[in-house]
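Each of the next two complexes has chain A plus one more chain, namely chain B in the first and chain C in the second.
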Partner chain A sequence: MHIPDGILPGPVTAAGYAATAVVTWYSVRKINQKENPRQDIPKASLLTAAFFVASWIHIPVPPTSVHLVLNGLLGAVLGYFAFPAILIGLFFQAVMFQHGGLTTLGVNAVIMGLPAIIAHYIFRIRRFGNQESRRKTGIFGFLSGAVAIGISVAMFVLILLTNIPADLDIGTERAALYTLAIAHLPLIAIEGVITLLLAVFLQRVRPRILDGV
Partner chain B sequence: MHMKWRIITCIIFILILDLVLPIKALAHGVKIEYTVNMAIEIIAAYDNGEPMGGAQVTVYAPDEPSSPWLTGVCDDRGYFSFIPDTSKPGTWDVQVRQAGHGDIVHIPIGEDMVVTGGTGGYTALQIVLMAACFIWGSVGTALYFSRRRRA
Partner chain C sequence: MKLGIVDEYSDLGSLLHRWEPRCKLIGLMVLIFAFSFVRDLRMLLAMVVVTITIYIISKLPVSFILRRLRYPSFFLLVVVLILPFVSGQTIVMSIGPLDLRQEGLIAVLLVVTRFLSILTIGLILFGTAPFLTTIKAMRALGLPAILADMVLLSLRYLHEIGSDLQKMQTSMSLRGYKKHRFSTRALNVAAWLGGSILVRSYERSEWVYKAMILRGYGYAPTTRGEFQTNSRDVITLGVFLLIAIGFITGDILYGRGVAALLQ
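Entry: the complex of A and B
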C-alpha cells in the first residue's frame, strides 16, 4: 500500500505533495474551528502510534501477505485529525522502516489520508435519525473501516496502473497489480471488523471519546 | 642417382604438405584463452522475508542511466543474475519492481567495487529501538496534552 521512491514519475510525486499540502491546510483549519482544538491531541497522538505500528502486522493472504493500514479507524475516531496523523505516521514509516518513501510521501498521504476523511463522514451518519444506538455505531464503524481501505486500494492500483514505465512488461505488471488488489479484499473485511469492535468498545466504555466525531 | 633425387623430392613434398595442411592428428599444441566475467547476483525479497518471485528487473549502465541496459525477471526465489560490461566502470543501478513495490540498488563496478551490498540500512534491533522511541514520543505527547490543569 505504500509506494516507495523511484516508482512514480516526478510530476506525479509533486502533484501528491501539492494535494497533501492543500488537504493538510484544510484539516488544520477545521481542527482550529473546534471549541478546544487541543482536546483531541492525546487521542490523535496515540492513534498515530497505532497507525505507525499497524504496517508491521502482516496478514498472510496466499500467495502474498498484506498488512494493516487502519486509516478508516483513524478517520472514524479522529475526524480531521486523521490526515495530519497519517502524514506524520507515513513520514516516520518512510524514514525508519523504508516503508514508502520521502518523494512519494505526498502521494501516499493522499492514498491513505483522503479515504480517512471519507470514513469520518461515513461514521457521522450514525448520528442522523433517531437515538444513536450501539448497532448504528457498529454498522457505520464497520463501513468506515471497510470503505476507507477499499478506496485506498483502488487509488493505489489506479495511480500505479496509469504510471507503468514503458521499459517494463506492462502486461506482467498489470497482472501483478490486479493480484495485489484481490489479495487486499480480505483486508477490507478485517479493517471493517477492527473499526467496528473499537467503535462499539469506546461507546460502551468511554463514549466521550466519540463525542467530537 | 635418379632414384636418390626422386626420394629427396618426395620427402620435400611431404614436408611441404605437412606444413600447409593442418592435420589434426599431428597437432599437439594447446592454446587456452580465458576471460574473467564477474556476474552480479541479486536476491530480492519483501521486508517480511517473502521472495519477490516474478518481479521485473531493470539494469541501468553508468553511461546511460535513462534507458535500460538489460531487463529480466526474478525467479521464484527472487534470484536474478547478470554479467555487467566491465568496460563501463561506475555505478550500475538495478531496479526490482513488482506491483508498485520495489527498490533500486546501486552497485559500484570498477576500482571501488564491493563484494556484497544491498538496500535497507538498519538492523532489526535499530528498527525496534527507533519504533519504541516513536511510540514513547506519542504516548508522552498524549500524556502532556491530557494532564489536568492545576487550579
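Entry: the complex of A and C
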C-alpha cells in the first residue's frame, strides 16, 4: 500500500513532504517535552526495527498471502514515536527494497502515520473506567488495528484516484474506488484480529510494552 | 527476507563518489523532485538522457541497477497493465473486448519514465556514499537528532531482529507448521510470532540503553566540521540545480504537458 515514485504529480509529493515535516516536528516536540527523551530512543528504535521485521510475516489468504502492516499497534505502543518510526520504516523500504519511493515518502508517511496516531488515542480509551481487562485490551486492540488500516486504505485510494495522470470517466473511477475498497476489506479484518491477538499476547507476556514508550 | 545493501559500491572513485555528501544530497534530491514535476513528453526524453549520463558518470555497474529493477513495484506493474485500457477516449487498437487507448498509453509512458528515472537517481544518491555518511549529511542539514539516532539504531538492529525471525520461522517449519491454509490457527501463530519479536526487541532495548549510557550516550561532544566543502562541490551543486530548474521551466514552457495532450 505504498505509492511508488512517478505516479503522483510534483505539487502533491511536495505537499506530502510539507505535511510530514509538520507532523514530525509536532511529534519530536512532544517527545522532547518528556523528562528524559533520550531514554526512550533505544526502545523506540528497536521496536521500530521489530515492527519493520514483523511486517514480513505473511498470512496465507489463498490464492495469495497478505503481509502485516501493524500501523495500528505501532501507534498504540509507540505513541508520539509512531510517526517518526513509520517515516523511518518507509525510508528503509524505499532505499533498500525500492518499495514506495523517495518523492512519495512524505505522502506515504501521512497515509500510514496519521492513522497510527489516531490508533494511539483509540487504544488509550481502554484505560478509562474500570480496571484494564484482557477483554478491553482485545476490543480496543481490534479497533485501533482495524480503524488505522481502514483510514490508511481510504487515504491511499483517494490520493491515488484523484492524482493518477489518467483521464478516467466517473463510472470507471467509481468502479475502481469500490473495487479497491472491497479488495482491502479482508486486510482490514485480518489486521484488526491480528492487532487484537497481539495486544492480548503482550498484555499476558509483557504488559509494560502496552504502557507506551 | 534479505536486507538490501545499497552502498556496496560506495568506495569507487567517480566524481559523484567524491562529491561532498551534503551538496550531493541537496543536488540529487532537488533533481528527483524536478523529475516528479515533469508532465511533457519531450521533457521525458531529456530526463532519460540526463539520468543515463549521471549513471555513467557515477561508474556504478549496470548489474547494480538491473538487480534492483528486476522486481519493480508490483503496484506499478498493475497500473501499467490497466491504465491503457481504461484511461481516455481515443481508441488506438482493439484486442478482443479490450480497447487500447492513446491517453492511457501516454499516461503509462509518463509514469514508467518518471519512476525509472527517479529510482535510478535515488540509487545513485545512496549508492555512491556509505549509508552512515549519508545519514550524517542529513543530520548536518538539520535532521532532528532524535530521528538520526533512531535511523542508526534501527538499522543496527534490523539485521539481528530479521535473523531472529528467520530462526523462529525455521524452527516452526521443523516442528511441522505449514502456512499454506488460512485458519484461526494461522492468525494465532502469526500474532505469537510477531509478539515474540516485539518482546525480544523490547528486552534487548533495555540492555542497549544501559550499554549506551555507560559509553556516554547523550554526553559525547558533537563533532563539527565533519564535512568540508570546496569550490568544485559548490559548482557541481550549481550545475545540478540548474538542470533541475531547466526541467521545471522546460515543462512550463512546452505547455501543460500530458494535460494538454489529453484535451
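Methods note: the second predicted complex is superposed on the first by the 171 of 213 C-alpha atoms of A that agree within 3 Å, B and C clash if a C-alpha of one lies under 4 Å from a C-alpha of the other, contacts with A are read in each partner's own complex, and residues count from 1 in each chain.
Everything that follows uses one rule, which is that a residue touches a chain if its C-beta (ideal position, glycine included) is under 8 Å from a C-beta of that chain, and two chains touch if they have at least 3 such contacts.
All values derive from a computational prediction rather than experimental measurement.
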First, second, both or neither for A:58, with chain B first and chain C second: both
Touching partner for A:205 - first (chain B), second (chain C), both, neither: second
A:190 touches, of chain B and chain C: first, second, both or neither? second
Touching partner for A:180 - first (chain B), second (chain C), both, neither: first
Partner chain in contact with A:94 - chain B first, chain C second, else both or neither: second
Partner chain in contact with A:48 - chain B first, chain C second, else both or neither: both
Touched partner set for A:156, first chain B, second chain C, both or neither: first
Partner chain in contact with A:7 - chain B first, chain C second, else both or neither: both
Contacts of A:172 with chain B and chain C, given as first, second, both or neither: both
Which partner reaches more residues of chain A (counting touched residues only), chain B or chain C: C
Footprint overlap on chain A, comparing chain B with chain C: 3-7, 38, 41-43, 45-46, 48-49, 52-53, 56, 58, 92, 96-99, 167-168, 172, 176
Touching residues on chain B, where the partner in the complex is chain A: 47-48, 50, 54, 56, 58, 67-68, 71, 73, 95, 97-104, 119-122, 127, 130-131, 134-135, 138-139, 141-143, 145-146
Of all residues in chain C, those that touch chain A in their complex: 1, 3-6, 29, 32-39, 68, 71-73, 75-76, 79, 83, 86-89, 103-104, 107, 110-119, 122-123, 125-126, 131, 144, 146-147, 149-151, 153-155, 157-158, 161-162, 164-165, 179-182, 186-188, 190-195, 197-206, 208-209, 212, 217-218, 258, 262
Partner chain B, residues of chain A touching it in the complex: 3-7, 38, 41-43, 45-46, 48-49, 52-53, 56, 58, 64-65, 92, 96-99, 156-157, 160, 167-169, 172-173, 176-177, 179-180
Touching residues on chain A, where the partner in the complex is chain C: 2-11, 13-14, 24, 28, 31-32, 37-39, 41-54, 56-62, 68, 70, 77, 81, 84-85, 87-88, 91-92, 94-99, 101-103, 164-168, 172, 176, 190, 193-194, 197-198, 201-202, 205-206, 208-209
